[in-house]
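What follows is a pair of complexes built around chain A, which joins chain B in one and chain C in the other.
Presenting the complex of A and B:
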């Protein structure tokens, strides 16, 4: 190929013309789109910055769906009362695809263009992208993953889910109710969500006197064939299979593999999102006794005294009505429960400004968590008391339906076994002061 | 050229704040995909290019964070590290060709990602590195530039990427570039006239990796965080899609691909409120472009021009007949 023919392929005029056209198209698109959306003066916008597509969408999209119900209900009752004025709530979503750069872009868009007063995130990998924005803008953020907390991030709170610490309650209940089970095997995806959860389960098993038959098995998040993973887990003939905090895309095939490879023992997992689908692919008998941490909100136990989530059974019914019962997942209620806490704090503060709401939220060191009054806690584990920790439910599948078996106290477990937790977190490099 | 740079200079002021953020990442991705094209000139398609970008990002971040190396220098050293990694990998990888090279590059990339995951110190494990030093602000009294602001970082990235593209362009047009092409189309013939194909393939790999490393450094010091997932094969698929949709026969083809797809995916579809439908539409665009533009967007201009000339020719003939 001659130099001349190459020149013929890309002429200077052609290159410049096409590049200029592309640039002009980008500019034209930019100018043609709304740059700032203005809410009316009686509406407060709340940002929802989570994965709405991709493999982690199961922990984002159902949460936004739940928030829309929350907003409809609150707005129908006249909105949130702040400083003697009622305000409607409007959610503005941004799909960060669980990508750190898109989380940064989303955070700036929500703050600078949409004018939100509070941003809810799933957290994890994406918090690192939003963190500089939060610090610069002084915006109040919430995460479902308190391992994001650190003393540097004073405007980040974990007011609902204290992942993975609540996993200790499932193991504690298991040990109390099935003391004959003495050995466990565990697997997790090798990422920022899997590792702290493994440390928690290791601490909980050790505290309960349950031995690991093998070291935890970490698989790559890109794994699609779970047959060898399950074969290795079952090789040690454990009494308990622990699926850690695997994403729904992993829990389902892992359960299928356990079923197909003839496993008949106990399974415990942090989540069992869309568990009806797992039952369909395995059997009701196989899934009987499956322990996890996230209740369906039609559970009668949620009507008991001390539960702060407003009308949980009606919320579940409305959710099932709008999106289908099988769409209910671990996070369907969580972001909505954070909004309960935010609305209560904003009302007490008489302001929706982030700093005022944060101060009101933590005013007396306690807060109205969905499952009861809880304490702002976390210095020993996260370096800052920005996690709201109290009771958490233990859920068991019985007759094809998830049922709450008990509410167990996380602080009570912590008081007894915190040394174990800190040891395992440190061993896996998951303490706040070990983060890169 | 003046018109192009004027358009690029005006562009950020026509965008919203978040669109400026997208423009920064777009400029960085232009360098990534252009550097990838240099490697494809030799006929080899790699699945490890995004990981190589990650090597540049991690190295630059660690040098700045741990050793206090000034960020501009750490970005250059990070790019050097990416090039050095490519040079080492070329020994096993260029014993393979075609499909085997593709798989080999994927395996090599996964090994590097596993190293980042396994060694929490210094790589931060699965969580990666956070609070990476930003590009230092400039404060000279009369001039104050804060690189947290996307418009400022856009111009920084634009300067770096423009210079890099110029170098890549000159390399392609040089004797070395012609040799890359020769190896692509007739490697046996090239060998028979004394071309050391291994050395030239290695050279293309090293140069492409250096610029991918520059892109990694620009990314790390802007976003402030890197993790192994960010450089996974999923991200590599995007680079392949940009290259395939844009076309790789011309220098501007992949650039066109990344610009068009980013604008559609990140600006147009989001603005239309189609957030959750974006993967579906993105996939449809890919399928349609492969079906109807198998040579990429770069072939669209010549095809339209040919049609226009045929139409003009036809019209002229009709006029002659009429007279």
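Presenting the complex of A and C:
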């Protein structure tokens, strides 16, 4: 076909113009489809404002699925007792698609139309959308990402996941158990999840005496081909590959690329969602010793004294029964564990009103975190003590199965190395007072 | 040196699947004058054909790829008959209809396969070593398939009666019609080939990416950059621009940063538009 031939009906200018217009229209479209829910006067609604579709859905949808189990169990036992009255709990989901504008719309809708008493979010980039609504309405919000915390957001708490700070526990355990590993390379997607996690890993590696062979490699979240990323990471022959807090969509192809390009060293990552699929794409031998931070809840270690999550093994079994074992992910239990804290605080407050629940939640400066009693903490890092921080598990894949190897203390690491953390957070512009 | 070779191998793979997608998009635009915004979703459907047939139903990988090619080509025929033909005199309406169609395809994929990424085990874990660089068979399939399919397309367009008809319609539809060439038939052929190329690219790369219902977004953006750089409407331009873009993007990612690579890719497009507004191989607009 002639190079001049395919050129009619529509001019180049029109093509470029309409493409741009269509792109904008496409970006503006989308379906933040709210769920319609109905509740009687003895039901309390809880908002679930997280990505249920799109590339970040793995950190939203499994959490809502876990919450539905939590609600069924609590409601079957008569509900949550508040002020002498039992209330059933109903979740109202809103898919923010990890989009700031949709998060704002969803927060408004959940409060104004659904009358929710508490809203759980993944946070990150989407907190910017919900923040003005939270401030205006005084609504209690939770985030899985304490890097969202700031003194300006007094009704935002991080009562479960202390991302990315808990990543220090994995590096600390690695340094203690494999002291011969001395160099690392790291990559991350360039977004609000990736950057603070990079700062945390840099601090943890420095504290452990592990040297970076290269500067962290940031990639665009739209990346689909990870071969160049892995080629670059492996170029420095690192002892450790760090996959930071990459989404599951990235961790899988990154591991596959590492396997295909012949990497034989240690891998550490914040998450390894659906790790059975990674093993299938690589091999059990390749994934042996892979370190991450999120246990399967059938782990016997979760039955030990001090664990506050209610019936973790039964929860995992029910989750696997409803959704399939391979559906279990990092956040499957997290939002449910936040609900344990909320229900306990609401019962003690005798009210479901956000201000009363928040006050009861933080009453004595401690809280029953899923992995043990923890402290409300964070002024030095977040400008406000709204993160519940204590122990966190270090998980290692052994024989194709994730197993908890240790529970390690985040505050203990912080007491020794906080200067490093603050330095690296500051260098990457991730301190609360650097965010616009 | 190993790093250079490995990067070159990575770039060759990227150029291969990008060329398949971009050439398909150019085919549809060239013959029908329609900007098919659903092209990325045709890639996605091809990937899900492999998710379904190969990963879930255990059909042989190459059979699943062939099925993806044909199935997505058939979707192209449906698009031509139900959307683009009735809107033939209104390219803007065709573009808007394609946006609607991409949302339908995304939604159907969510209904059929869920929101989570599809899991596709590799069809082989074998690999070659070329001057210290690793090339897996899985990636080699993509490169070989792209070369064969694009060569076959070139031969078809140059040597066959239907190919000549396509070129004639693309040059001047009215004159072609007066010579007895059916516009409907050429549009059908162009749409089938264009869609099938996107579908086969998705099917071949399914084990190498994480297929999700939304993967088409990033694909279509790259495809548009390539065809703008190559010259809107030029098949040769699309192939050369795919190679150029893939090498620039891959080398910048490897030696600098993935984010910088995207900026450089867009800067490349802007530079071409400034220096040569028609693209590297585009024709000047007729008065």
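Quick note on the criterion: the second predicted complex is superposed on the first by the 398 of 436 C-alpha atoms of A that agree within 3 Å, B and C clash if a C-alpha of one lies under 4 Å from a C-alpha of the other, contacts with A are read in each partner's own complex, and residues count from 1 in each chain.
The working rule: contacts are C-beta pairs under 8 Å (C-beta built on N, C-alpha and C of every residue); 3 or more make two chains touch, one makes a residue touch a chain.
All of these numbers come straight from a predicted model, not from anything done at the bench.
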| item | value |
| --- | --- |
| First, second, both or neither for A:424, with chain B first and chain C second | neither |
| Contacts of A:128 with chain B and chain C, given as first, second, both or neither | first |
| Which superposed partner A:52 touches (first chain B, second chain C, both, neither) | both |
| Which of chain B and chain C A:368 touches, first, second, both or neither | neither |
| Which superposed partner A:93 touches (first chain B, second chain C, both, neither) | first |
| Chain B versus chain C as contact partner of A:194, first or second or both or neither | first |
| Touched partner set for A:262, first chain B, second chain C, both or neither | second |
| First (chain B), second (chain C), both or neither touched by A:163 | neither |
| Which superposed partner A:117 touches (first chain B, second chain C, both, neither) | neither |
| On chain A, the residue positions that both chain B and chain C contact, one per complex | 1, 3, 6-7, 9-10, 14-16, 18-19, 22-23, 25-26, 29, 52-54, 61, 190, 220, 222 |
| Residues of chain B defined as touching chain A within the complex | 1, 3-4, 7-8, 10-11, 14-19, 21-23, 25, 110, 114, 117, 120-131, 134, 148, 150, 172-173, 177-178, 181-182, 185, 219, 223-227, 229-230, 232-234, 249-252, 255-256, 259-260, 263, 267-268, 270-271, 275-276, 278-279, 298, 301 |
| Contact set on chain A toward chain C in their complex | 1-16, 18-19, 22-23, 25-26, 29, 52-55, 57-58, 61, 190, 217-220, 222-225, 227-229, 231-232, 235, 248-250, 252-253, 256, 260-262, 274, 277, 280-281, 327 |
| Complex contact set, residues of chain C against chain A | 3, 6-7, 10-11, 13-14, 26-27, 29-33, 35, 37, 91-92, 95-96, 99, 102-103, 110, 115-117, 119, 121-122, 125, 127, 134, 136, 139, 157, 163, 166-167, 170-173, 207-210, 212-215, 217-219, 221, 224, 228, 231-237, 249-250, 253-255, 257-259, 261-262, 277-279, 281-283, 285 |
| Residue numbers on chain A that touch chain B, as the complex places them | 1, 3, 6-7, 9-10, 14-20, 22-27, 29-31, 33-36, 52-54, 61, 93-95, 98-101, 104-106, 108-109, 112-113, 125, 128-129, 131-132, 136, 152, 190-192, 194-195, 220-222, 429, 434-436 |
